[in-house]
């Protein structure tokens, strides 16, 4: 029996309980840095499993430590936060939660990025590691991080003395659900996920009566022009063989139909894999935003302020090849796939970078294989109805819950076993 | 002494009190159908003056009746509601009020359309009429209407049995502050203010992760395209010599920069003076909204729903000429001006139409004459800094408070005297 | 018999010949300042009728003078040039002509503005005046002007010594076909037609391979952005009750699909009735053009150069009322209509302005009444198929040729008789 | 001495003559299928060198065959056509040529894609092969192809019986100049250049007078909307890690500023590396074009017609590695670079595909190394002034003529020697 198989043994019996945990988490999502209920649930379960638990790390973060003799020390990480998205009706445990966001607005909340599966799988892996501790040796840090969505949670934990307060580790391991068939895993050595920059653009016009636009400078027309003109950055200014994404994720201006407002706000999100490309995109955003305001004769230049940023996520080449190899051995070649670089972003890499150790991040699928007519190796979500949704969509509700959670737990155990099993 | 002069006598002494009332109202604006505090203030003052007062008419409306012998019956109307606009800092009695709007959002509130001046002037006129009742005879209905901004207040009062519960009237008189020099009056027989149609457009895309637009249909891009393409209705589809305004007063989509939302909402306001033009604009709005969604491959057609509508405001030709003549006699030719049709809208006309009697509506200026370099006859607000703001602007704070309120009160008394003074 | 009726007598017999002249002109249209064939035809017919003829006035202009005793002197004017439009197939005398325009391009040519009807009607009126000279006295100047479409013909004739070389006149009369029912006439005292400014905008990008936009600055994207943003001038910057038209009549960039060109050219046409509005539009055009180039990071500012301009056309109030009165007497009230100001432009007014005499300009209809379901008083061309085309359309082929030409000739004679008949 | 070095010996003496040939070709560019002068020059020189020459193959194509004993048969190909681009003034041999394009328009012509360097280098290689025939054995086909720019020349030659009329070959070799330092070479096994689809889009509006847009459907506004909305295909509908380019290379509508035209024409060029991406782009183009016309109420759907198309260019893996290896041996590692897939397109691959033999295509640089501050390995042309231009730019005039031509000739000989030298 392989070290991974040793750790996985008995997981099947644990699945009903893990599924219940998952559905509870899914029904009670919490926004970034508001993960109080989730953290309490996590802390209780880790404690119950025998971990040494610290809460309130970097805000709402939870760290569980399990020392089990000599050997490597492995950091396993899950992120806990959800998103301001209103979930569609598709499952009994649908979220109807709301929360007050940092702007003071009450918004719907949903685990539209599947962090509930990450938490559940890491709780499952922690329970297995505790239950099967005679089959490995070393130290495990189970890290439940807040606020990944805003790129601040990992840094908040590190800034809160993480490296000093907890055991040093030899490798950091993390995973993310993706729109792909359940039970399938995806990994890539090297640059894996994009750098991200989020910006808040405030456009200043001059408000007035909706019937007298001539006495105003209409900020909604400026904002609309900016949105359309920003499309030309990717379509015209970046080489087709380079990678960049420029998304306007939010736009907001005005309250009443017959009042032309004085301002409009846009929230932008930019993804790049290359510093030169990133620089060109940021320069172009500023140029376009200013020029479109000038085109309207705006009384004041727009303001462009950072909201947050994510570094590139780079998988350690050697460590990642080891994990892929273990996955292939445990799950079979048909279930493990090379993948391409992802334009999404992650702050997981901070745990490796800060400690100067390798980090490995992979994806696992979470949906009915029938949704992917092109097969598991090219499992892109598509636009047409009845097809698989992408992360952050209000339809991002995993359809193969049990196999998804089981495989995610197995994957975490299998990757951990690469380091922990050796010493066993 | 003219009948108007008789009614005006003594007003000067009342101005400090009226100015205080105005500043109090300005500092405590209330949204449509929420005018509780304003209505209470109005009711108390009318009662004090000797009017027979009814509150809660059509929601928060107040009607004061003063019977003073035989003669004509005159309806004098002021509207009470304010707007969800955040006032700039310019006066000590600046509003910092907020309120919860019908969407459940907390919004700033400001008397950005100057209804506080209308209420104050009508309270002043009512007080004068009560104090000077030996100088006229007839009946006065002082009507303080809620919810003019959303085109529902006049209808709500009429639907609440207005015509049956209160004395019949021979004429309806109303006025509105405008961006023009204080002490100047503006009137036009015939079609005076536009029909207005407000629409809520909901655009449906497909939400998803901000880094994977290919798995989404981005509703913000659709909304931006709609905003820009709607500009072509006025610029290309309506004859230059016809009149139409198409304003997008509000746009809202998304909450987080890295989530592409599933929907976007636009609020439109349309002004026209001609049914054929109105029909063409509405047809074009629908055509453009649907086509721009189709251009993006939207999974569902946009929804276009009415928010509210206003009828044309038509001043009775004969009655209006009488009022203009009285204004000219009382205030001198230099202070009374012909004006052009206004693209703004009003539901005041409903009081005339419903009762089958003439109605007359006029404008009064409210700003420092120095702000109008083209003179009082063409007092258009301009875009440049330091110039006069237009209605609904966050800067719409009358600068000549005392003369503005005095002239507005005098104007209401002068117009009333055309009917009341005769019988005296 | 009225003076007008005297002059009209016998016109019916002349109609087959005039119709033949018209069809010949229609089939052989010529561009501005290239009206050689037309001028030769005109000169021959005027000479034949007994006029004293001068050709080559201001390029290709023709002036015929008929002295007939004492009395008023009347200038009657027709314009001769056609447009670079490809005529649709609808009549046997359809134009298939081409010409080389000033840019050196070979373009189709069509009388899409109906100047062929103007020439024909003035030739008909001239023939009648010559034939019926015992019924009037005075002097007639029949002026056939080149290059009205580019706003240069009238000035070219005046600059060529017109006022010195030909008899002084007491009034200038002119007419234009419009999209309205044949036999109907339309006039307006005061400001009648708009000022026009035409501009050439050259946008500079950086050319390159179509597959490498990142190495270019795409001038076609800049030009498209300008076109869309220009729409906001009329929709947002000009009061709805003011009048402005901003049209991009031509756009040209690139030759090959896989080469991003270095430049793009736009031709703009602007119509206004008010100097302040004109100024605001021109300022906004410049602001938008420059800002949209800046938004793209263009290496060089766009160039904006004038192509031509037209002054306002103002009908003398008193003289116009006389003409309307004569029209009503001759053709009946049902065939003579007040009309609104037209956003089109004309250089006819220069003949009045230069001589310091009144000028009167009116419109006549040229199409089947069935095309105007709203009746002759509101005969707007519409967009739907099978409806009446507007001037400059490739479908602008008069459908009621004989009544159109007859009424236009009668109208010119009737207006002339107001001055010539008096002295008779 | 390597086989390559054997063939190169003596080339230095030939360079003045080759440079003169190049400058002559550069000064006399010809459009696709009009390469009469070029073909005559080529035929004369090939004949002079001792090749067996056939002209008029596939229109203006020229094939020279040199049989030199047993051994492999190698096809060497150069393309001859130029582009409708107006050359900037930078060299004495600048082109001022014009030609009539297939639309009947007279256009400037320039070797803006550097095919003149291809022709020159292949003439140089042919001369060397003829002069040095004792140093190799086998058969050489020197193919000078017309009309590469429109993707038709290779097929035209093949359709003209190429495979039957000339000796079979074992490999096809070709090269293209690129914006990179002179003397540097770039190659990539596998997919190297994009599939290209060119489309002509004709938008139908309704023409009319520039002052009466309400009677028209303005095709220029539709075309501008299409241009902007097409940008969203790459920015929103294609994954950032996939490759697509959508370029509008030409736009044309209207002739006169005050006439709204009835139609507008766009020429599109699309580049993709993947059939699924290609399909999605083409579908999106059609959807956007139709919807934008519908948004304007266009009377007729736009027409979308193919102009031309190019297949993917796929370099044979094994043959390409051999060529790269030979280049490295001959020119040193510092001068030979891996490169990325190019979004440009080529029909060269047809010669390999049609004969069922491997084909190899590579790039050579043509500019002063100082223009590439990032070094020869990442030699991207940039937008800033004074930097290296991209292909198809009016500034695409090689700056290092002599080294550029020498290295291109050497490269062709070196690649040929891989096959010809063996048998030597």
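Here the chain labels run A, B, C and D in written order, and each chain numbers its own residues starting at 1.
Going forward, a contact is a pair of C-beta atoms (placed from the backbone, for glycine too) under 8 Å apart; a residue touches a chain by one contact, two chains touch by 3 or more.
Note that the coordinates shown come from a computational prediction; the quantities given were computed from them, not determined experimentally.
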Treat touching chains as neighbours and tell me the shortest step distance from chain A to chain D. 1
Which chains does chain C share as contact partners with chain D? A, B
Pair joined by the larger number of C-beta contacts - B-D, A-B: A-B
Would you mind pulling out the distance in Å between where the CA atoms of chain B average out and where those of chain D do? 66
Averaging over Cα atoms per chain, report the distance between chain B and chain C in Å. 44
Could you please state the distance in Å, as a whole number, between where the Cα atoms of chain A are centred and where those of chain B are centred? 49
So chain A residues touching two or more other chains come to 211-214, 216, 218, 221, 225, 228, 231-232, 235-236, 239-240, 245, 271, 297, 342-343, 380
Under the touch definition given earlier, write down the residues of chain D that touch chain A in their complex. 228, 230-236, 239-241, 243-246, 271, 340-343, 380
Which of the residues in chain C come into contact with chain A in the complex? 211-214, 216, 218, 221, 225, 228-229, 232, 235-240, 242, 284, 287-288, 290-292, 294-297
Can you check the complex and tell me which residues of chain A touch chain B? 83-85, 101, 104-107, 112-113, 149, 179, 194, 196, 198-200, 206-218, 220-221, 223-225, 227-228, 231, 245, 247-262, 264, 267-269, 271, 297, 299, 307, 342-345, 380-383, 385, 389-396
